[in-house]
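Residue numbering begins at 1 within each chain, and the chains themselves are lettered A, B, C, D and E in the order written.
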Amino acid sequence: MDYLIRIMGPLIEGTGVTLQVFLISFVFAVPLGLVLALVRISRFAVPRALVNGYIWLMRGTPLMLQMLFIYFALPFVPVIGVRLPDFPAAIVAFVLNYAAYFAEIFRAGIQSIDRGQYEGARVLGLSYPQTMRRIVLPQVFKRILPPLSNETITLVKDTSLIYVLAMNDLLRAARGIVQRDFTTMPFVVAAAFYLAMTLVLTLGFQHLEKRYAVYDG
Amino acid sequence: GRKDEAPAGKVAAAPAVAIVVGLDDNFPPMGYRDEKNALVGFDIDLAREAGKRLGAEVQFKPIDWNAKEAELNSKRVDVLWNGLTITEARKEKILFTTPYLENRQIIVVTDQSPLRTKADLAGKVVGVQDGSSAIEAVEKDAATARSLKELKKFGDNVTALMDLGAGRLDALVVDEVVGRYYTARKPGEYRVLDENFGTEDYGVGTRKDDTELMARLQKTLDEMKNDGAAAAISTKWFGKDIIKK
Amino acid sequence: MGSPMIDARGVHKRFAAVEVLRGVSLAVDKGEVVAVIGPSGSGKSTFLRCLNHLETVSRGSIDIEGQSLVATGADGACRYAPDADIRRICRRMGMVFQHFNLFPHLTVLQNIIEAPITVKGLRREEILPTAEELLRKVGLLDKQASYPSRLSGGQQQRVAIARALAMDPDIMLFDEPTSALDPELTGEVLRTIRELAEEHMTMLVVTHEMAFAREVATRVVFMDGGEILEARPARELFAAPEHPRTRDFLENML
Amino acid sequence: MDYLIRIMGPLIEGTGVTLQVFLISFVFAVPLGLVLALVRISRFAVPRALVNGYIWLMRGTPLMLQMLFIYFALPFVPVIGVRLPDFPAAIVAFVLNYAAYFAEIFRAGIQSIDRGQYEGARVLGLSYPQTMRRIVLPQVFKRILPPLSNETITLVKDTSLIYVLAMNDLLRAARGIVQRDFTTMPFVVAAAFYLAMTLVLTLGFQHLEKRYAVYDG
Amino acid sequence: MGSPMIDARGVHKRFAAVEVLRGVSLAVDKGEVVAVIGPSGSGKSTFLRCLNHLETVSRGSIDIEGQSLVATGADGACRYAPDADIRRICRRMGMVFQHFNLFPHLTVLQNIIEAPITVKGLRREEILPTAEELLRKVGLLDKQASYPSRLSGGQQQRVAIARALAMDPDIMLFDEPTSALDPELTGEVLRTIRELAEEHMTMLVVTHEMAFAREVATRVVFMDGGEILEARPARELFAAPEHPRTRDFLENML
């Protein structure tokens, strides 16, 4: 018990890092994913093909390698090359990677909206951007909540990959203590912390689903 | 510039000669975090002392040990100082100081294990930490290496020790300083064989072209060996002076 | 008042290999109520959708209130007005779909005020009296806070009509506004359209309700195979269809 | 070039391990996920609650910890305790974890099937199991292909977690060479391998989608 | 032949707070074609669904072909037959839904042979001749390899009928089989039902098509507010409705 309290400090600090990386990545990845999805369904062939390739590349290679690339190799790439400190590098990698997954979710959602909604908006004189913003996307958000929740929960746990940049997230903090004290108790505590975070997210998404449930279809 | 300062680095106004030391902060007793989450360890104390003498501020940057070369070459750290074993292969890429510690690759088994000698390892499953010099040490002893059933590379030594306890692993080859640290924590559970996979030296590494820094480091290290400062730190961590002169 | 509200001349429409409209010409004057009837697949919906640019024509010309939406030159090339003009022209026409196409995430009132606010830039207070007036007219003032899914089909269709009217159109296009409804609900919607006719709204109504065509339409157009075969005052056409196809069609309907 | 050929051996071996873990996990996780989903929508309250808790636990904690638990802690659990070698332990962890994700996908799919399909089958005399097997599930498979594809691609890359049990998958093999030779080339090759596997999967799923596209709705 | 094919006595059905059926009694003899009419929400669909156990009754008794599906004792407790019996009894009744409920992943032929194979355990070769005969009867033999989504609404509804008939039922229940269809397609489906009537199939048809009720039904039942207000031979009821609600209803239908 005493021991538990003593190891709590680093674990809570690690949770802070995990939450930071998660929240910042999420906040940027969702809009970027939306933009990518909109390009992917647009009628501009070249940007569309580029985004397709991008999504394949991002979903097709391990996030860990992407993170190492951005941290270590990006500085040597001409033109866009920039040397990022570890935290920004991790965020950039998470945003770029998750945006690809979110894009696919958004695309499926947008494509599931009935053609009639577009036509209904069109004959009322709404422009395409207005139709998207006011009519289509609000309906999309409702529909994609379940897969979005899946992906978001995965993101929370994927943040532990920042260990490759030696940042102390919750899981790495727990591992550190395990290595130091040669006991697996910190893992149990870390698991409980993750469960708590997931619970909050799950409840949050359930709340959203209920709020959107005022209308059907 | 300032932008590249590691999060773990001290925020004090950096003197012109700040040195960034890369280390694995999960590597007791050489470098790890104590219960107040502060970096402690033998190498940490040694590096601090050296920094004081150099008149430079030492910033510790935890790195993933697997990425140490990339960290060094991309100039995110200036020095690798964390139980870094001097090997021929590494010498081609890294500039080393003279050895400051001699380390043996010891063989750890469970207390009840029937294994006594290296020869007993034949047909057994032996573990090492991935990326550690234990791999090269075992492979250098070609005869023994060939006789093994399998050489398993674990992510870290603790997992390997646990597997040893679970009986799926027969022996673990590990740096002596590290192995002793762990076996001391569970008295009576583990045993260290008399034979080992040879000795090797720990040194401090810098970039190949960073000769100026290397010269100053070497000088300071020699001073510390000579005036007993290094011996004091060794006694603090290992109970005796094991500094290699 | 010189030019007709809708003036379509020689409209052709081809989907891949199929020519769905083969030169449809129709002029609709202000205040006219034209019913379009004809067998399934004859191109009625497609014609309506060409009028407000939900489909592009392959050939032919369409003028709306004297302004050219699309014109086909002597060279056979089909020239649409610039995008901005198209949107301005089409905004004059309201359309009511067979499947309503209400916005499910908006309440009845929000459905109605959405376009006036977003498209015309009106403030909420400016459009609210109009919206309430329209809801009263279609008998749904008490449902203004409901979501479409909570309404019966007939109620939904009346919301769709109110939504179109909120943009204050000069012309209303209806595509089988009652065929998704059962007979009682059909009655509700037809009553609403009848009231619009009494207010001299210009309307083009694709319908299968012969009773409605007979009672409300000033003119009935019979389409078949992508062509208009007959277009005459309702009473005349029902009493004595000239074209043999029209006669067949009317006989087969129960 | 020569170097490339020399490092190919371990990488191809690693790819073999990756593929093995992936395929075996996939083959078991999908049916288990289906069973979990069926329990989750069943009318038996207690099993339903158990499955709910299971899914929360599995999605809520890092797969790495689950793997460590099954490998190290399971032997000490009474009754079900069993000491598994590394490969089976990894497979069990992957199956248990991914089954939870697949279960959620199946559940969403099953719940999206129209009530009318059940009633149509019922009045023809089909029993509930018959209705599920012959009418509902074939339609579910078509609908869940996109999220299933997302999750499957994630699984391929998640297999790299087996490194915690000291197994040599593709990513681990690449890392080993990177450390030995101080060059990042193996990472590039590994990325290409991952891309190739993802491409095959993507094409496979596209093919399935097309095959199912013979009917709409 | 003693007992009626369907014998419902005092059927009550309550959804939460609302009593949707308030004691409906109806006996249908072999070969009868009974049309059920009435305003929306009067409980017509619910009654039909109680007959084949898609809904459970709250009170009352239902016998099908002399076998008790559900009975309510003197103590007011409602006792259903064992599950196996229910399935056996209900299999005697085919049902055709307003929205068809065809299986979209199966072709027309597969839709028809699915239940005979899965439920009755017939081999494909055994049921194939029957299936083809049925397809010929509904005029869709050439569509047997199509998927439902490729068919028009009227064609889909005829497949639904053939699918129900393939189980060789003694009774057919139809719930507004034409209200999702436009008038021409309606004709197709009604023709098919009329043919069934000529073969003396026992049928209960909820419908809004008065013309059909008049022509085909041996008896017409008028429901309102969860009760049967009038149940008489079709000609009589249309000619001289007794109940004032019936009269109102018939007058309002165009």
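Worth a mention:
Keep in mind that, in the parts below, contacts are C-beta pairs under 8 Å (C-beta built on N, C-alpha and C of every residue); 3 or more make two chains touch, one makes a residue touch a chain.
Model, not experiment: these values are computed from the prediction.
The set of chains in contact with chain A as well as chain B comprises D. Counted as hops between touching chains, the shortest connection from chain B to chain E is 2.
When chain pairs are compared by contacting C-beta pairs, A-D ranks highest. Annotation: 20 Å between the Cα-based centres of chain A and chain D.
In whole angstrom, the spacing between the mean C-alpha positions of chain B and chain D is 38. Averaging C-alpha coordinates per chain places the centre of chain A 52 Å away from that of chain E. Computed centre separation for the pair chain A/chain C is 45 angstrom, with centres defined by C-alpha atoms. Those residues of chain E in touch with two or more other chains do not exist in this structure. Under the contact definition stated at the top, the residues of chain D that touch 2 or more other chains are 68, 72, 184. Shared interface positions of chain B, defined as residues touching 2 or more other chains, are 66, 70, 162. You'll find the chains touch as A-B, A-C, A-D, B-D, C-E, D-E. Interface residues of chain E, counted against chain D in their complex, comprise 52, 54, 87, 90-91, 93-95, 97, 99, 101-105, 114-115, 118-119, 147-149, 163-164, 167. Partner chain E is touched in their complex by these residues of chain D: 114, 116-117, 119-127, 130, 134-135, 138-139, 142, 212, 214-217.
Residues of chain C touching chain E in their complex: 39-40, 152, 176, 179-180, 182-185, 187, 208, 211, 252-254. By the touch criterion given at the top, residues 3-7, 24-28, 32-37, 61-64, 66-67, 70, 74, 156-158, 161-162, 182, 185-186 of chain B touch chain A in their complex.
Touching chain B in their complex are the following residues of chain A: 6-7, 9-10, 13, 68, 72, 75, 83, 85-87, 163-168, 172, 175-182, 184.
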